[in-house]
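Two complexes follow with chain A in common, the first pairing it with chain B and the second with chain C.
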Partner chain A sequence: MDAILLQILNGLDKGSAYALIALGLTLIFGTLGVVNFAHGALFMIGAFCAVTLQKILTISSVSIDPEKKDFLGNPMEVKTPYVESWFGEATGQLIINWSVPLAILFAIPVMLAVGYIMERGLIKHFYKRPHADQILVTFGLAIVIQEIVKHYYGANPIPTPAPDALRGSFDFGVLLGFDPNAVIYPLWRLVYFAFSALVIGGVFAFLQFTTFGMVVRAGMADRETVGLLGINIDRRFTLTFGIAAAVAGLAGVMYTPINSPNYHMGMDFLVLSFVVVVVGGMGSLPGAVLAGFLLGILESFAAMNEVKSFFEAIYLPSIDQIIIYLVAIIVLLTRPRGLMGRRGVMEE
Partner chain B sequence: MTLIKPTRRGVIQAGALAGAGIAMPTILTAESHAGYRNAPQGSSVTLGFNVPQSGPYADEGADELRAYELAVEHLNGEGDGGMMNTFMANGSKAALKGNGILGKKVEFVTGDTQTKSDAARASAKSMIEKDGAIMITGGSSSGVAVAVQGLCQEAGVIFMAGLTHSNDTTGKDKKANGFRHFFNGYMSAAALAPVLEKMYGKDRKAYHLTADYTWGWTQQESIAAATEAKGWETVKNVLTPLATTDFSSYVAPVLNSGADVLVLNHYGGNMVNSLTSAVQFGLRDKQVNGKNFEIVVPLYSRLMARGAGENVKGIFGSTNWHWSLQDEASKAFVKSFGTKYGFPPSQAAHTCYVQTLLYANAAETAGTFNPCGIAEVLEGLQFDGMGNGPTEYRADDHQCFKDVLVVKGKDNPTSEFDLLEVVEVTPRAQVEYAPDHPMFAGGDLGQCNPGA
Partner chain C sequence: MLGLNKKDTGLFIFVICVTALAPFIMNPFPADSAMAQFNAGYPDLMQRFVIFGIFAIGFNILFGLTGYLSFGHAAFLGAGSYAAVWMFKLLSYNIVPAIILSVIVAGLFSVIIGFISLRRSGIYFSILTLAFAQMSFAMAYSVLTPLTNGETGLQVYNDDPQWLKGDGPDATHFFGLEMRSTFELDLGAWSFSFNVGYYFCAVLMLVAFYLSMRIFRSPFGLMLRAIKTNQTRLNYTGLNSRPYTLAAFVISGMYAGLAGGLMASMDPLAGAERMQWTASGEVVLMTILGGAGTLLGPLLGAGFIKYFENIFSKINESVLHGWFGFLPDGIENGLIWVAEHFVGSGWHLTLGLLFMLIVIFLPGGLMEGATRIRDRFSGDKNKKDTEGKYAPAGE
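Our next item is the complex of A and B:
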């Protein structure tokens, strides 16, 4: 039972990232009709916002300590971050320690700007082009962004730890009546899940309860009629692209303590997120979220030794690698529009 | 005026003559005279450096390339000479004079393996066929090394492997044209197991997470056998797909498996992510079977360990070489590399640098670039002054035998490079095995192929 609970938690955690990326993908597809293969790159840019802020906060003054030697035997350079010089050692270290949560504030304007530039600068020219063209150009863009990040940050993962207070693990099982130490779960992963739930709730509330959101929803349902009512739907859709970019970016920022970010992390999530969108139903925001969590949980269960052994016995080895695609095939065969797909989307 | 009328027979004869004419230069090239592929023409010789310049191991590849450029500089008589000053072969000073190789200036071309076997073979093929590379070297993955080694065997050029740690490279996939200076999974296990026994005791239950490809399999097989011989029990071995980024689903079952040691047979990005997950799940703070839970990483890479940050502290592993070694050769190499690039070299850089000098010395000694002449010198070569102490290139399998370093993630690093500390230098005798050892069986070195 404890193993099952652990895998559910793992699934919810993985699903959080899938759901956040898929939510943005669906928003863009639903509003602009663009299949954005650069969305994984936006997730990665978000993660590198955290890396960049960490680097900014650790910009240091350099002094020479004649007592210490570097690897060549020369007097060693000692670096003191400016934030420690300005705010005192304790406060400076606290600021650096909390760089990942602080990066949320840094990432929101950056991601909105990146989304705006991406949409106005490139993607708007492809609105009337076939989906194949859109996929090619956005995939190309993703590769370009990836190579730029690699050029400046290198190919190796860069450690971006969580604040000390949120590191370590939490005895989740005790809350549910299990023995102590039976269900231990990393604290930051719980934070990630809570944060994702908050962002997803925020996006839905924004779309549901604001005039802007109402117009966007109306535009997703019938763009032409909204335009005929004198509303500049294009401008709102551009902002929606920015919001989708920010959602992906925030998912990336908060993901950095879970796995040290590298330039390739966007691609790792991209394909799975597309499967999530398709399973959830193209254009359905609740579908994307539901499918994100569902596939995350299924993927976690498939990695369990008992499940792997069972599928190996029925000649289905490496089920953990194929489960998501297998489920996608089954869902599409039985419900071609996906779990919550709308009639008429991609069906002309 | 008489016009020659073309006849069917005439056309065939003319065609045959023209064909023979076109074929003539190929038959009469110096290459054929020399009897081997890509015999150097003129005053230079071209080496092919096939390293990952893109993909997840690009930083390691960049460090390899730095080492190769440094080696070329030293061979051509530039710079401070680095380990050329300390290199001893068969008890005498190495034959390198700083005037290139056999008087020919060393030039190089580079290829990008992308850490993909097919891409690596394509780039090696291009360097051999288009650029006339006489030798191929480099790489940061065993899958790539095995693939490129096979290609070099067919093409008839020497392959001096870069970073490859699978037993198979000099085991079932060994080739007469291929040589490996780097150590292997068996050696890591043989060096680590006694240290693990000393530190953690005999009665341990180990859970293995293993990268699902040639290196992972042989590494796991080796470390499981070596630790079981010390009394440990292997509770479970779970193969993880190479593309895995989030290891939480694989780490979670360890918690209640009854194991008190987690062995991560992962390298590079896999190692960074699986170790991070294991630490996040509180494994290092856990008590199981009345003992502290421990994590072991059999193969360390300092470059990659940086990605795992503080999580590597106190964790045991092994490495082929480390910049903090205090022998004269290591110091000379670190000084040379550090002065040129501003940071110490990685183990990947070290093995690539050494391989280049070993190749050059073998050519000088043999007096030819003929791969078979070079292979003859390398086989059984005893050398020293290259940072690993006395070393032998065993003739039976073209594997170098030398001391192995057991390292531990440093508790109090003094700089960003100071991540690992050497806890034991395991003597060669302890990591040596017979050429027909079952873990290396099944392959055939075959005959040297000069390619012509």
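Our next item is the complex of A and C:
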């Protein structure tokens, strides 16, 4: 029982990332009808927002301390981050320590701007073009973004640790009455899950309870009629693209302590997120979230030793590497619309 | 000739001449001159031209004719490579069985994947093939390690059985003719190299090209075009389009397998990274860049990309300093700062930008560009606009 719980928890953090990216993909597809292959790149840009903020915060003034000597006997250079000299040492260190959560504030405007520019500058011109063109141009864009990031940040992963306060692990099992130490879980992953639940809830609430969201939903259902009612639907869709970009970016920001960001993390997540979208049902927001979590949890179950050895017995070793694809293929063949796909959306 | 009309015969003869004389054409600059870095006439690169040409020709049969955009063709290339290396390991370095097996394996593999993926069209098809390719990639890395040797990649070791080897050569050969043997011809300041491997690949490429021409001009090809134009209407007329698309898919898969087999024949190695979806993206780019749905386009695209990949990757900062040295320092440094992004390891950035520019401004590729220029000069304004030549199926 506790092993099962642990696997569910393990699946949640990856599932959260899948769900957030898939949510953004679906939002874009549902509103603009564009298949965005650059969405993984947006996730990566988000992660590198965290890296950038960390770098900005640790910009230091260099002073020479004649008291101390380094190992060669020369006067040692002491680096003091400007933040520390401005806000005092304790506050400064606290700010640096909390750079990843702070990066959320930094990432939101950046991602909205990136999304806005992307939609106005490029995607806008592709609404009337075939899907193949959309796929190709966003694929090209993804390569470009990836290579630019690689050029400026290098090819190696950049460690961006979580704040000290959230770094430990948490004995989750005790809460539910298991033995102590049975279900221990890193605290940051719980934070990640809570955060993504918050973001997902926020997006749904925004779409459900605001006038803006209502118009967007109406536009997803029937764009033309909404336009005929005198509403500038294009502008709202542009903003929706920005929101989708921000959601992907936030997923990236908070993911950095789990996996150090590198330039190809976006591509790695993109393919799986597409699979998630397809399994959930193209154009269905709840479907994307559900499928994201489901596939994340499924993946972590497949990584369990018992499951692995069972599949090895029937000549399917390392099932965890391919389980998502297998499930996607089965779902697509038996239920082409996806788990929660609406009738008529991207069906033949 | 050979069942081709006059125009096609001309085109075919032109391609034959270009491939036969490629060692001369690719080396227009004397070996010692400063321009020698733009030469492309060395065997390794020329082999890549024709091998990727085969790959792109095959991909074009699927994408150019039916409009089905597959993002997983690299999987077939990888499967072909693995099959070929296994033949080297088990039989001998003779490349004939290796290539035959790689085509067969890739064909069977594409029957399975095509059968499943082709149940959907449009973007679902793209995503399905993408998922399959990624799955194959993941499997080659982990599950199938006994077959693929995982991360290390498959290669031939000394203690491999090689049952038929006897005292045959220790390198890949065609009945004794080693692929790596090269005849160097020095003519004054110029030097040209004629490589057996290149000519072997070139002959197969010509065969592949001829077949694709026949397919383009056949009733079968016409049917594929009809699928691209309007599949729904085709279905309403009572035709089942699935067998045709599957046939196209398998043919293009076999082309990819042939390319993979040849790749392994030139250099007996196979690795999982050949199956990665960025590799699939590359062949898509080659086809689009040259012109999807045209005969010559994919060849042109493959050559173009492989040539510039080679040239751009070689350029580094000191070369740039050499070029811009005559300019004032400020401008020189500025130019170099800009150019640095695009050369050397930044070649992929150039590739991505190129990809975007082509899709945005020239969806018909270089062939369309050529047509436009010709039309402008001949002043024929009434020519039909060829933009949007390819539309995906199932829209």
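For the reader, a short list of remarks on this structure follows.
As a working rule, the second predicted complex is superposed on the first by the 335 of 348 C-alpha atoms of A that agree within 3 Å, B and C clash if a C-alpha of one lies under 4 Å from a C-alpha of the other, contacts with A are read in each partner's own complex, and residues count from 1 in each chain.
Convention: a residue touches a chain if its C-beta (ideal position, glycine included) is under 8 Å from a C-beta of that chain, and two chains touch if they have at least 3 such contacts.
Since the model is a prediction, treat every value here as computed from it, not as a measurement.
Looking at the shared chain after the overlay, A:267 reaches chain C, while chain B stays out of its contact range. Applying the stated contact rule after C-alpha superposition, one finds that A:329 touches chain C and leaves chain B untouched. Once the two complexes are laid over each other on the shared chain, residue contacts for A:185 go to chain B alone; chain C is not touched. Once the two complexes are laid over each other on the shared chain, residue contacts for A:31 go to neither chain B nor chain C. Contacts of A:131 after superposition on the shared chain: chain C is touched, whereas chain B is not.
In the superposition on chain A, contact of A:305 is made with chain B only, not with chain C.
Of the two partner chains, chain B and chain C are each touched by A:321.
Within chain A, the residues touched by chain B in the first complex and by chain C in the second are 318, 321. Residue ranges on chain A touching chain B, taken from their complex, read 2-3, 6-7, 10, 13-14, 68, 70-72, 76, 150, 154-159, 161, 167-169, 181-182, 184-186, 188-189, 258-260, 262, 264-265, 268, 299-300, 302-305, 308, 318, 320-321.
Residues 67, 69, 71, 116, 119-124, 126-128, 130-132, 134-135, 138-139, 141-143, 277-278, 281, 284, 288, 341, 346, 348-349, 351-356, 359-360, 363, 388, 390-392, 394-395 of chain C are the ones that touch chain A when the two sit in their complex.
Across the interface of their complex, chain A is touched by residues 54-59, 236, 238, 241, 243, 245-246, 248-250, 252-253, 255-256, 269, 272-273, 276-277, 280-282, 285-286, 303-304, 306-310, 323-324, 334-335, 338-339, 343-344, 414-415, 417-418 of chain B. Across the complex, chain C is touched by residues 35, 122, 125, 129-133, 135-137, 139-144, 146-148, 151, 267, 271, 274-275, 278, 282, 316-318, 321-322, 325-326, 328-329, 332-333, 336, 346, 348 of chain A.
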